[in-house]
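Labels run A, B and C following the written order; every chain starts at residue 1.
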Amino acid sequence: MAPKTNAGRFFEDYAVGDVITHAVPRTIKMGERALYHALYPARHALHSSDQFAQNCGLPFSPLDDLITFHTVFGKTVPDVSLNAVANLGYAEGRWHTSLWPGDTVTATSEVIGVKQNSNGKSGVVWVRTEGRNQHGELLLSYVRWVMVRKKSDGPAPETVIPDLAKVVDPADLVIPQGLDFTKYDYALAGEPHRLSDYKVGEVIDHVDGVTIEEAEHMMATRLWQNTAKVHFDATFRPDGKRLMYGGHVISLARALSFNGLANAQMIVALNGGAHANPCFAGDTVRAWSEVLDTAETSAPGVGAIRLRLVATKTAAGALRGADGKYLPDVLLDLDYWALMPTG
Amino acid sequence: MAPKTNAGRFFEDYAVGDVITHAVPRTIKMGERALYHALYPARHALHSSDQFAQNCGLPFSPLDDLITFHTVFGKTVPDVSLNAVANLGYAEGRWHTSLWPGDTVTATSEVIGVKQNSNGKSGVVWVRTEGRNQHGELLLSYVRWVMVRKKSDGPAPETVIPDLAKVVDPADLVIPQGLDFTKYDYALAGEPHRLSDYKVGEVIDHVDGVTIEEAEHMMATRLWQNTAKVHFDATFRPDGKRLMYGGHVISLARALSFNGLANAQMIVALNGGAHANPCFAGDTVRAWSEVLDTAETSAPGVGAIRLRLVATKTAAGALRGADGKYLPDVLLDLDYWALMPTG
Amino acid sequence: MAPKTNAGRFFEDYAVGDVITHAVPRTIKMGERALYHALYPARHALHSSDQFAQNCGLPFSPLDDLITFHTVFGKTVPDVSLNAVANLGYAEGRWHTSLWPGDTVTATSEVIGVKQNSNGKSGVVWVRTEGRNQHGELLLSYVRWVMVRKKSDGPAPETVIPDLAKVVDPADLVIPQGLDFTKYDYALAGEPHRLSDYKVGEVIDHVDGVTIEEAEHMMATRLWQNTAKVHFDATFRPDGKRLMYGGHVISLARALSFNGLANAQMIVALNGGAHANPCFAGDTVRAWSEVLDTAETSAPGVGAIRLRLVATKTAAGALRGADGKYLPDVLLDLDYWALMPTG
């Protein structure tokens, strides 16, 4: 057997300042858009209709913001999370430019932190990932940290823990060029609620549930060229289960949130997120949101709403137990900024 | 909890004359075409090949006629059938303009009839739905009636039952502009049979069967942004089953009918239809057709054939029992007009 | 019941010299490309990125070579393998022109050999199939032979066994016009290994495994309009299993082979192949490759590598038992030429 296959990186293979070029650029076209609609109950009108998007000042309907996220994330898997024990968190995620059909996505990650665990067998690695289009324009940047196994007993590197913002400052949100919600059509969007109708602390139960099949989460994960064994190989885990890609739960919960947040049209920042518990085929996923903040933006008629999006297998509203830990039925706790019409 | 989510309309929320604008316009592109071929064994050549379509006088291959139907139908679900107890029937369906990749579909429904049931707990609502493209051109219109729950004990509205045609008059069929079957290529279409080869009363067993999986019917239903809970949430029904969207059975049966009706190229009218029994994942669906009528059209070489299309879980030919009711294995009884070459 | 459906051809329906025009031309667009990525873990950069392909001298990223194969193969099923007992082999397969989004595929097959079996109940038929695009250019040609049932007790035809090459001569490989690997980007391709790094006899374990679901293999098979009952109808076989289309295993194994053969970018010849054992949903498919040969080509920086690609349900390397027969866990043994950068 020749050592031609990629065994993935271990903790000692990351040094602060390293920049990793991720392989396999990907041109995204119309087909990925249709598959996104087949795999998730996505209904936000700006991503559904060219005419609706044009009425909002855009040239036509951009690909769903999470397609950008998944495509970039997928590129990083062979270099960042092939030997990851856990996906620990996200921070400082910002969407800079929309992804249009025909665009080609490339990605790089800079190692910005390392900290060996006290057991000496693994460590935490922080990377700042950037996805760019074929013109070199930044599509998306975010920080992710993962726990990675060590391959040897070598000494611990110097600990570097990056200083990360808890929340993206609303002043730093990038508003898509030309976006204008002053002629926004609420009837076609599906709900009358505008930014001022949402109060901080308000909780919205998105009502619907979706029971997930293996074929669906595998097709979705493969579509983004995410190749982590644990999602596809039923012989990989001792329990014979295929772990669902956490991003599948993100897209599912975001799509479900249409019902109550139909006007939270575009995701522009990812403040943080935790995959609270694993999700498997057969689970019925529901979602609820909590309004965390609202803000103005410089674009006409465009406000920003900061939302906690929770995916769960039970009722809306419950998040943590008395011990402060996520309840066992909670799958996802995501904190993001979206753009919403103000008037 | 805030009441921001759509609970759907109840019987008393419909008044004759109301026109409902359905939300979330949808731009359909190439990807939906490919997914249609992945989800159904669709082989009618006019919807498969640009060159075949051009040889029939069209600019290129239009999207399958049922994609128009599903997209328009999906738009209506949140407003018409979210609280529907049963989907009772269709009438006066006509396709007016083909759907081309890049077109954006919007839909409206006018309430044309209401009749409270004698139990006072539900009623029947008739709507005439129109789907239009981005130029405002009519793509499809049809009447559908559903049984809907009442939310209160209020008085019954005045009963209005629309006068509906049993069959679309062949003189009213809209033939796609330019359609010309005089150079029709039977070898490429797959079968030699032309309109004169079919006799009224003839029954055709389409031979093939397809066993359906949950992932397939859910992806298909989601693709048309149909969000009725019963199709997706395994916890919704007491028996833990996800009811298949009736339109999935329509498309499946229509695709199976290629084998024996390969030249029934385009659907131009929906005379009526009943979802005779529910369909669930694991069912093996077969189809048979009965020739109900034939007619001439004004387009060169183009005739019309009126077909009963039956989806069933057993043998071809059987439809109703001695009691006049649909046999338990019958899933669908559809009555439509298709265009077929005459010579 | 009218005899309007196609019962397929039997052994006596094939005569050497007959040319069969296969029905239902198919226009392939962007959507099929996206579905290919959703159904297989395909990551070869030349089929993933327009920019990568342009850097290799092509106008943009062509559709995966196996999409050409599956589309052409699917066309032949109603005429060649509807009554086939077994798919016995492939030879002399060559890709002549790339398939581009928007191309329409047609196919014909010439009967080049027949040999009745000694039992008098079936026979072997050899066909040379050609797939062409809308300009009449040859996309792909290959020989396939199948065992087909006889329908009567008629006399045996004269035996004709075609003289087939064991391997396509590397001098006969068709290199896509303009292909140039002198500026090849190994970092973006995903691996540093070039042709000279591979030694004849070397075995590469592709490491990853994929557990297959019914919905996935049926969607893939349907996408290529392959309608053989055995893939779709769970009531067709006595054991209630749906046999997976052999081509699904080919594409899956080829995609898995990225891990170790990321630079074997394009398939240009199919020397031979055997579907060693049936594959069913629930099976976890792995793959390994053996380097059989290498060769030069006339294109700048472009070499050819001849590979044995084996799909298996167990470990890499094992192929046949002491009796010379394929081991029961071996699913596929494929022999092909691919193009790889030399320097």
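A few comments on the model shown:
Going forward, contacts are C-beta pairs under 8 Å (C-beta built on N, C-alpha and C of every residue); 3 or more make two chains touch, one makes a residue touch a chain.
This one's a predicted model, so the numbers in the text were calculated from it and none came from an experiment.
When subunit A is fitted to subunit C on its Cα atoms, the angle of the rotation, on a 0 to 180 scale and to the nearest 5, is 120 degrees. Both subunit B and subunit C derive from one sequence, and where they touch, under half of the residue numbers involved are common to the two copies.
Centre to centre, using the average C-alpha position, subunit B and subunit C are separated by 36 Å.
Across the assembly, subunit B contributes residues 29-32, 34-35, 101, 213-216 that each touch 2 or more other chains.
Within the complex formed with subunit A, the residues of subunit C that make contact are 29-35, 37-43, 45, 48-52, 60-61, 101, 187-191, 193, 197, 202-211, 213-216, 219, 259-262, 282, 284, 316-317. Residues 1-2, 4-6, 21, 23-27, 29-32, 34-35, 78, 101-102, 104, 106, 134, 213-216, 218-220, 222-223, 225, 227, 229, 232-236, 242 of subunit C are the ones that touch subunit B when the two sit in their complex.
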